[in-house]
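Heads up, the next two complexes both have chain A, just with different partners, chain B and then chain C.
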Partner chain A sequence: MWSEVIPMGGNSRGPIENSLMRRLRIVFMAGMASLFLGLAVFCVGDKKAAEICLEEIGSVGTLDDDLLFQWVGVAVDREQKLYVTDAMDYRLKKIDIQGRLLNSVGGRGRGPGQFLAPRNLVWFDGRLYVSDQYVPGLQVFDEELRYRRRIMFQQPIVDFEVISSDRVVISSLTPNKKPALYFLDGSGEPKGSLVYNDQKVPFMQESVSFCMDRRGDFYLAFSFQNRIEKWTGDGIFLWRRHPLKKVKPVRKRIGGWEVPTEVVLKDIALDSRDRIFVLGGGYSRNRSRDIYVYDSEGKPCGNLLLPEPSHCLYIDSKNNLYARANEGITLKKYRIIETSRQIGGRRGS
Partner chain B sequence: MNTAIRLKRFSGLVIVTLILFGVLLPGGLNAKACEDGFMRCMSDPIYSSIHVGALYCGLGYLFCKKYVE
Partner chain C sequence: MLIGMSLLSTAYGSDVYGKMEFMEGRDQNPDGDDTGELLLFIHSADLMCFNCLEGILEFIRMLPRDIQHARVRGILVPRRSDRDRYSAASPLIQLKKIRGFIAAHQLCFRVVVDSRGIFSSFVSEGSLLVVVDASRGACTGYDFPLSRKEKQEIRSALGLSLGLCGRSVK
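On to the complex of A and B.
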């Protein structure tokens, strides 16, 4: 009983002092307990989360340098070089693992190699594909950041994946149409679609981030709904899950349009074992920090917690997870750890 | 005794103030920023006059909601 321990030299303090000391001890113990719990939750937020956790292994961009201002998209090549789109200075940047800027291209404009609002970024087979919020289509660059070509697409691009050098898949905002992923060839010609809802839906209601596995199956995370789905590339529905409990997304009228007020699921990524990582948004217990993990059959594998809110997730070929910190000035790199291995003294990547 | 009660009341007040400023206020301000931006975009004649323009306003709203909040 720590409260009954009498200091060496006897109890020379009065009853008020003793009472104060006791209270101070309680406050101190409570503080230590909450600090411990706060640290532990990073890995073991609940029973399920004991299976996997994150360990920070790298960070680029600080408040004191001018490497990143407001990064948006990230991709990693085979040599672990980072490529980042930065919205604040309209540039595409190539950075090494030590955080040194290797190359940078862009500038404000609509011309080849320029950006108005650079967004998503995909590295595929030595090429970088970049979307822009205000300029239609995708720009393609080589690894030296030389502009190569543009893939035309007139609708705004929410998310995209690259299947081959001549085939991309795009999700878009399409009111008054059935929500779909659009397959395009290298020149932007439509080559089919995957309709994931047979009904026309309200504006932005069916907006999705998505990713694709090695078999060509698609995983969709609905931005404004509590829903993830798996579809085959041929358009066959496989399964649906609801990562959050009791979510009723709210819509409200702004400027004549009824729009959703909160993002439910922000992004989705796959690791090399085809586990699905879904970043929660405004309805999650920890806003923009909770990650829900599933296996390829939709079985929950646990939750992860990012130390800081992020707008996106990216997982490279070595199972390192990248997310935002410092409101876009810093890019953090984490190793995804199997905690069962950690207990045995071996840490897997 | 009076000091202890005062201390307790003061700490209660501090906690309530911190909750108000630390949790509620930033969320409210951020949410308003995205909605204001969407409203401005939709009332811009360049964007509102064409159907695709409205879609680009929607994309901006979605991005703002993802990035800022």
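On to the complex of A and C.
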């Protein structure tokens, strides 16, 4: 445009006119620049970025009481009553909103209602499903903690979800088999599998924690790899992400096995908006405290930082996040808060 | 007993949490005989290790409750990482955990926490049982799990043999 107004190479107008045009050009350019910058500030300043943070709203278990000694699994029912497994005293415990113990069952053993190493816990439709590291299968209890039955599964259970009263999904450590999630009915009969790797891989390499959304899609967090994946319930791969930067997990030879030495991703959980929360492990900048948040399409939504290391994450139906504190004698409850931030430095909510 | 006492005297006080009754009352054995005492150094990692724990519990189960109460003392030695982190609260955390452990297994002996890791070298390869045999003026250390011969040695040092119903017989 300017080349049309001011002839290049040849000055056909007089000196006063050229000087005026030069000034006008400068003014015009300055005006255009100001207009552009003003628009940019208006547009960018009007953009809001969502920020997620945690607000502690409660805790259960103190140094002085005898409520929790080494809690491992946690679940919440419709009335916000808490259920935890405790590995130190081999018990399943029910706790009310005020943090008072309502009931407790268990004891060390392999019999019905007993535990050797109680682990994960899922509440579903009035029933509690509990895994044990050294006893095969899942034990099922009612909300009064009465033992109901066992769902048999011979392989070690890493993680599990309950889809219906007659369907559970399990991730397991199964050497010499393709890594898969296994679908079982209420009696433990296999009803299918979701193979997430076609290759047989070294032992434990493809161990996963997982969760499932309302559409029946699965989100996998690989325990010993820097990788999360989303799969449909029909076994279609959707996407993969790498929460950490430049991680090379170390393996070590023990006996005849080469095994990983450190957990990369410890757990995965979904909130009611289908946002994915992934708890980092030993390779995270803040060991076992960093949480990587994604939306259901795999887009990063930000990071969270727990005040203390945790071994797991749990999010209830009201978007409260639960994590460990005091090395397992305290259970902390956090509200997940979303704030919007003006890009350009202005903050709002 | 003297050797056992001198070992623990360095740990007595604020670095060791829990009950130390056997330090206060030397005459745990009013008859004055020279039967042995057992010091059980428990590595905290073993509390969460099924196989490790099984060996320790098997040993405890073989001792009558009155013998546990009179002659066994436990020292919980936390892992180094547990001691380094949250140093102010960690001994209290370990004390609480051992409280749960004692209740879960209905143990009849006291356990203290070695919060500074004074005895960490004792448990470098796992929990350790030390038998202080005053009659022979000797200390003997045993790893878990115990062999049959080692169990007999320990019973002998305690000055007892087990009757048919498993109750102490002197």
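The criterion applied here is as follows: the second predicted complex is superposed on the first by the 290 of 349 C-alpha atoms of A that agree within 3 Å, B and C clash if a C-alpha of one lies under 4 Å from a C-alpha of the other, contacts with A are read in each partner's own complex, and residues count from 1 in each chain.
Rule of thumb we're sticking to: contacts are C-beta pairs under 8 Å (C-beta built on N, C-alpha and C of every residue); 3 or more make two chains touch, one makes a residue touch a chain.
Note that the structure is predicted; figures quoted are calculated from it, not measured.
**Student:** Just to be sure I read the superposition right, which of the two partners does A:Y134 touch: chain B = first, chain C = second, or both, or neither?
**Tutor:** So A:Y134 meets both chain B and chain C here.
**Student:** A:L63 contacts which: chain B (first), chain C (second), both, neither?
**Tutor:** Second partner only, chain C.
**Student:** See if chain A has more residues touched by chain B or by chain C, and give me that chain.
**Tutor:** B
**Student:** Would you check which partner chain A:H311 touches, where first means chain B only, second means chain C only, and both and neither mean what they say?
**Tutor:** Touch status of A:H311: first partner only.
**Student:** Would you check which partner chain A:R251 touches, where first means chain B only, second means chain C only, and both and neither mean what they say?
**Tutor:** In the superposed model, A:R251 contacts neither chain B nor chain C.
**Student:** Touching A:R149 in the superposition: chain B (first), chain C (second), both, neither?
**Tutor:** It touches nothing on chain B or chain C.
**Student:** Contact-wise, after the overlay, does A:L173 reach chain B, chain C, both or neither (first, second, both, neither)?
**Tutor:** Touch partner of A:L173: chain B, not chain C.
**Student:** Taking the superposition as given, does A:N326 touch the first partner, chain B, the second, chain C, both, or neither?
**Tutor:** second
**Student:** Which partner does A:R108 reach: the first (chain B), the second (chain C), both, or neither?
**Tutor:** In the superposition, A:R108 contacts chain C only.
**Student:** Across the two complexes, what residues of chain A are contacted by chain B and by chain C?
**Tutor:** The answer is residues 117, 133-134, 328 of chain A.
**Student:** Which part of chain C faces chain A closely enough to touch in the complex?
**Tutor:** Going through chain C, the ones touching chain A are 47-48, 50, 82, 86, 89-90, 92-93, 96-97, 99-101, 103-105.
**Student:** Can you name the residues of chain B that touch chain A in the complex?
**Tutor:** 31, 35, 38-39, 42-43, 52, 54-56, 58-63, 65-67, 69
**Student:** Mind pulling up the chain A residues that touch chain C in the complex?
**Tutor:** Touch residues, chain A against chain C: 63-64, 66, 69-70, 86-91, 107-108, 116-117, 133-134, 308, 326-329.
**Student:** Enumerate the contact residues on chain A facing chain B in the complex.
**Tutor:** Per the touch definition, chain A meets chain B at residues 72, 117, 119, 133-134, 154-158, 172-175, 203-204, 207, 223, 254-257, 259, 261-263, 266-267, 281-282, 287-288, 311-312, 328.
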